[in-house]
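Next come two complexes, and both contain chain A; in the first it sits with chain B, in the second with chain C.
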Partner chain A sequence: MEPLKIVIAGPVGAGKSTIIRTLSETEVVDTDAFASEDIGKKTTTVAMDYGTLHLGDQLLYLFGTPGQDRFDFMWDVLSEGALGLLLLIRGDRPEDFVPARRLLDYITSRHSIPYVLGVTRQDQPPVWEPEEVAVFFGVPAERVVGLNAKDPRSAIGPLLRLLELLIENK
Partner chain B sequence: MTKQEQLHGILKKLKQALPELRSIVIASTDGLPIAHNAADAPRVAAMAATALGLGKRIGQTAELGSLQETIVRGDQGYFVIYAAGDKGVLAVSAPADANLGLIHLEARGCAGRLAQILEEVIE
Partner chain C sequence: MAIFGNLNHMSLDDLLPFISSRDGALELFNLKRLPQITLFFQKGKLICVYQGNKPVDALQARSIIGELIDARKGGFEFMPKAKPKSCPEALNWPVDRLLISITTTSDEFAQLADRFPHPETVFKLAKDTAPDDTRLADFWKQTHEYLKKGTSAQSLAGRLGMPLDHTRFYLLKLQQLGAVTAVRNSQEKPSTKRTGAAARLLKSLKKHFFGEDGAWSH
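Presenting the complex of A and B:
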């Protein structure tokens, strides 16, 4: 079976680096730099994160993008040849939903690939639930999965859903 | 002298030492422009931070020690990104016929001075 390249995108602080650190079976390649803006954390990804994961026999290559709009060229670089997109959104930060919607359009308009929305921080209510986020984004409910990016059993959920979609589309 | 004046002073000195440089951008390691003479500084600053960040990570894997610079070379010029301490990036663009050795000599010294100033500016 060919390995599948998956891109993990989303606004700053959504949990892109975290989910890759949680799930990767190999040493993660990360590119953290000191954050000079107030973004609620000390460091931020400036180029990419990379990790690998097996779902059954299927090997996934996980490529995480930087979150800030100024790094949009990396969204293109990393989406090249990708077969699926996981867009992460913080469930407790609805002000990120509109920028996340733009990001989703940006990538899917340039790279016609199946996507799943992952709504993070489900372990820290009050948060928006996946069903509510699906309505907000105007996408089918099965495209939206809730998760906690720090918990391996939960973090794997949206990737399993993405794999199901990829198999259906074959 | 304010920090911004010091930074512009460094930029001016580098431009005087290397008049062939097309542009100079001083940025934070997370890709925000701090001082520059480039028209498209926000984009250059972000790209410089990405290239330097990836260069650092490659340097770690290849056991190259502390990263000094990342070089992009095309048939019509150079784009060189120097590390300026933990928090700063110095990016210069030069034509293909520029003397890369001379650019390194001036820019590395400049990056060292920048590192000190930026350490105090960015907290």
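Presenting the complex of A and C:
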């Protein structure tokens, strides 16, 4: 069976590497490097994160894209042929919403790719709730799911929603 | 009386209030990012802007003035009583108001620069009415046919002969007003093959994370 690919994008520090580590069965291949500028953490992904899930005969690839603008060519490379896009944002960092919307606009205007937004840190209030984030991003509320990226049963939620929407052709 | 100099010593916003009370043409040359520009003034108004030997439209004129305000390299010379050979669309912009408008735009431009959309993001019209703001209305008039079909800042910059950052600025302003929106290709109907793959994957993921009954509540 042909492997399927999900792209996980978002600003620096949104939790892309964390969610892939939480969901992947195999050792996650990451390309973290020490940050050369102040981005709020010591290391950041500079090429991509990569994890896999084996589900019977079906192989699922999870690709995390770097958050910085200068790696925008990777957004195109990874989005090509992907089953869907999960845009992750930290619910306690509203300053990231504008760059995240810019990223969503770029990818979805150039690729025919279904998307959902995942709002992390729902377990650490104060935090923007999914409904509020949907209004800010101007997307239907059903496309925004809250999650805790470290909990597998919570982290998988946005992917399940993405697949449901794809099946319902919404 | 000869009025000449260099933008390095006297910027356009220093020069305009002084020039605007005179009738004539201000020639600007040896500019870093523009060919020779000529601004024609009459009775305190900017009447026409030439780029090289040709008059430009209102949208291009705004863009050029914006560039000139920031320019710190280039010479200028004022020619009293000079008039344009032709000016199909007279601007008639009072210089004092133009200065305020351009300075405000320039400040806003710098403030919003890190929010400009990606040059290749595709936008389409969300409303079919021109915005009230004159600056945006000029841009809207020139671009709404392209925006009906969907277009990017990069493509518009090429079509209109404007700096890329200016088209990005205008698209951001129109997006903030709800006049344009990013195209969502995800709204296209997926193939049967993809929906079939999604259905199988959904079932497998539910089983993997929630057991045989696959109960996921959301």
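By our rule, the second predicted complex is superposed on the first by the 160 of 170 C-alpha atoms of A that agree within 3 Å, B and C clash if a C-alpha of one lies under 4 Å from a C-alpha of the other, contacts with A are read in each partner's own complex, and residues count from 1 in each chain.
Just so we're on the same page, contacts are C-beta pairs under 8 Å (C-beta built on N, C-alpha and C of every residue); 3 or more make two chains touch, one makes a residue touch a chain.
Computed from a prediction, not measured in an experiment: that's the story for all the values here.
Per the definitions stated earlier, placing chain B and chain C onto a shared chain A by superposition produces no clash, and the two fit side by side. In the overlay built on the shared chain, the residue A:Met74 is in contact with chain B alone; chain C does not reach it. Annotation for chain A, partner touching more residues between chain B and chain C: C.
After superposing the two complexes on chain A, the angle subtended at the C-alpha centre of chain A by the centres of chain B and chain C comes to 70 degrees, rounded to the nearest 10. In the superposed pair of complexes, A:Pro66 makes contact with chain B only, with no contact to chain C. In the superposed pair of complexes, A:Val135 makes contact with neither chain B nor chain C. In the overlay built on the shared chain, the residue A:Met48 is in contact with chain B alone; chain C does not reach it.
Distance between chain B and chain C in the overlay is 14 Å (nearest C-alpha pair, rounded to whole angstrom). In the three-chain superposition model, chain A touches chain B and chain C at no common residue.
Contact residues of chain C toward chain A in the complex are 115, 117-118, 120-123, 150, 152, 181-186, 188-190, 194-195, 197-202, 204-210, 216, 218. Contacts from chain A toward chain B in the complex involve residues 29-37, 44, 46-48, 66, 68, 70-71, 73-74. Put simply, chain B touches chain A in their complex at residues 28-32, 42-43, 45-47, 49-54, 56-57, 61, 86-87, 122.
By the touch rule above, chain A contacts chain C in their complex via residues 2, 4, 53, 55-56, 58, 60, 69, 72, 83-85, 98-99, 102, 104-106, 108-115, 138, 145, 152-153, 156-157, 159-161, 163-164, 166-167, 169.
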